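I have a structure I would like to understand better, so I am pasting it below and will then ask my questions one at a time.
Per-chain residue numbering starts at 1, and chain names A, B, C, D, E and F are given in the order in which the chains are listed.
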Amino acid sequence: MSIVSLIEYEDASDDVRAVYDDIMATRNIDWINNFWKALANDPVSLKRTWESLKQVMGPGALDPLVKEMLYVAISMSNDCDYCIHSHTAAARGKGMTDEMLMEVVAIVGMANETNKLVGGLRVPVDDVFL
Amino acid sequence: MSIVSLIEYEDASDDVRAVYDDIMATRNIDWINNFWKALANDPVSLKRTWESLKQVMGPGALDPLVKEMLYVAISMSNDCDYCIHSHTAAARGKGMTDEMLMEVVAIVGMANETNKLVGGLRVPVDDVFL
Amino acid sequence: MSIVSLIEYEDASDDVRAVYDDIMATRNIDWINNFWKALANDPVSLKRTWESLKQVMGPGALDPLVKEMLYVAISMSNDCDYCIHSHTAAARGKGMTDEMLMEVVAIVGMANETNKLVGGLRVPVDDVFL
Amino acid sequence: MSIVSLIEYEDASDDVRAVYDDIMATRNIDWINNFWKALANDPVSLKRTWESLKQVMGPGALDPLVKEMLYVAISMSNDCDYCIHSHTAAARGKGMTDEMLMEVVAIVGMANETNKLVGGLRVPVDDVFL
Amino acid sequence: MSIVSLIEYEDASDDVRAVYDDIMATRNIDWINNFWKALANDPVSLKRTWESLKQVMGPGALDPLVKEMLYVAISMSNDCDYCIHSHTAAARGKGMTDEMLMEVVAIVGMANETNKLVGGLRVPVDDVFL
Amino acid sequence: MSIVSLIEYEDASDDVRAVYDDIMATRNIDWINNFWKALANDPVSLKRTWESLKQVMGPGALDPLVKEMLYVAISMSNDCDYCIHSHTAAARGKGMTDEMLMEVVAIVGMANETNKLVGGLRVPVDDVFL
């Protein structure tokens, strides 16, 4: 249960509605997911977070699907329930197959394993990597 | 400083050498990095970890560079010094530019921010994502 | 579902009841929350944890509300469901408004983002900070 | 060692210099710390991160020192070397004493302990907190 | 809700069934838990993970119960709901009492506290430990 | 570099010296490690932490070496440099061999891998475990 209220479009102030409108236009959808409705309790933070996300996930050197899978991978590694569900849905919308999803989670698992092995044994970084 | 000794090729047992040889052949290099030299204190674990890594990072549905960038991203999110250095080097060897690297780290940062925002506010997952 | 039983006041031993009584007296309430009922399976650990918490969160250089918001912030950063709910309730009881809560979570998000950016890029600490 | 180059003011492009100038003006200092010099490899990300940080840490419902101590606390909980050093310096500049610092770290430690105790035992959240 | 389907024995391919059979034979049980049913979406990953787990948790220098309690402790520290439940059940099957469980969780809590205290204060490692 | 001064025995107040004396007597050693010297900046916190650690790691249902290896495992999973070094030294002093150490780190790695696999795929807990 959210610790703040979820602000619906009809109850939102004009500045919140402006962000909601931009989210729906940018994503070509007609609804707002709960994350934004919770953040809307702080309209400035809502706007900042949305603008940041739009920029980070927007056009760049990396393919949009690759960006989305990176987001899924971090969310899995952080065990973030909401984020795994929402970003997996987004990645699937951009073409991620079940086979690709299983490879992403396998890398998440393997990286966490070797991260702990090398850190646990305090292995010094090889000069050649520096 | 490593809490176990690093086992050099010339001091290694036959089963450790067999893994070292396979690492060098697979990667087409003539040296072994410290991670494997530390793991070699447990030859069975060394072989298992190498075989697993080779499989996870081998041919599949995802591009090798994408796989390597996913590994870098998790290592950054986990703040693993050794892994960031070694996997960034590997990703650069496969074509990652500085521009791509900066996009990877931006996504790592952004995902960690929104993971905490949504978790911190205990936002319920929208039905449509389930 | 808890992996140990929750020990109610009426089923508790004398030493557990003594801690329960002190919790209720210190907080001026007439009930015990589930955290303590679970810890009560180890009466020595229950007493130690309560005494420690009472000391750490007791009078000092920092304002009680500030202390509680620090607790909320760490719990959010660790994605601890129980702790977010219980410490948010406590902070609200001490005067935290929704506006303050939204600022706390914004800092939690931002700190997690920059922590990962700076760690991900392995930025060396400036001499002036040392 | 940073995995990207640190961009000095004299080598920076105009848009990077504009951010550097704003950082120095806002903080009333005449130098730039390494975090920004690393981020400057992606000028858009540099500007976004600085603007976000300025907003999150700017005037609001919480006292500036409280905000800075929350930042320190998260950085400690995340074991971020750079961030602990830089934000502790900032907090001291705003009036944090050693006594207050020791209380912050004590809360970080205690919150991490109880977060793990309650999560480890899978204690259900009391209805009254929901 | 799982983001992939859970593959039941009757719907499984021959290679998945072979792993399921080995799991049931090794553990002397007649059912498969959900973790393996989810991993079965990638039969190669399923086989690799099972073989690795069997090796890591198999006979060695450490007692099987000690190994299982180490697994429980890490799972608690990582706040992994599924893993705490499944490995606690396994540890109890190998003789872990409630008293032992409470000591495990107390160490998990204490280690997380002191890990953060020492890291938060950036305490240098004593030469004698190196 | 520590962000607080390390307090030596000869500069310590009487209440700090009393804790130092108890640490040395309990452990039968004639020196104090840096962790306590840093905590000594808050004598009440120093005393509380030492008393807690002594209790948690003292006689109980689990063998002292098992307790120490659990501490090592958590510290490895948390990537705590100081703690890995100090608790590995302590565990070796109680009889941990290199073979046992390699098994501990293998379990830390494996548990982190499966924790992320099961969490990443959002696998529901089997009823039989509840």
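Throughout what follows, a contact is a pair of C-beta atoms (placed from the backbone, for glycine too) under 8 Å apart; a residue touches a chain by one contact, two chains touch by 3 or more.
A quick note: this is a predicted structure, and the numbers were derived from the prediction, not measured.
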Open item on the list: What's the farthest chain from chain C if centres are computed as the mean of the Cα atoms?
Closed with: B
Open item on the list: If I compare contact pairs by residue number, which of C-F, B-D or E-F overlaps with A-E on over half of them?
Closed with: B-D
Open item on the list: Please tell me the distance, in whole Å, between the geometric centres of chain A and chain B computed from their C-alpha atoms.
Closed with: 21
TODO: Determine the centre-to-centre distance between chain A and chain C, using the mean Cα coordinates as centres, and give it in whole Å.
DONE: 27
Task: Separation of mean Cα positions, chain F and chain A [Å, integer] - done: 34
Open item on the list: Two or more other chains touching the same residue: where does that happen in chain A?
Closed with: 1, 3-4, 45, 49, 52, 56, 77-81, 84-85, 88, 99, 103, 106, 108-110, 112-115, 117, 119, 121-122, 130
Open item on the list: Taking the touch rule as given, give the residues of chain B at its contact with chain E in the complex, in rising order.
Closed with: 1, 44-45, 48, 51-52, 55-56, 130
Task: chain C contact footprint on chain B (complex, rising order) - done: 76-77, 79, 81, 84-85, 105-106, 108-110, 112-117, 119-122
Task: For the chain D and chain B complex, residues of the former touching the latter - done: 3-4, 41-42, 45, 49, 78-80
Task: In the complex, chain A residues that touch chain B - done: 1-4, 6, 31, 33-35, 37-39, 49, 52-53, 56-57, 60-62, 66-67, 69-71, 73-75, 77-78, 80-83, 85-86, 88-89, 97, 99-100, 103-104, 106-108, 110-115, 117-119, 121-126, 128-130
Task: Touching residues (chain side chain C, partner chain A) in the complex - done: 79, 84-85, 88, 98-99, 101-103, 106, 109
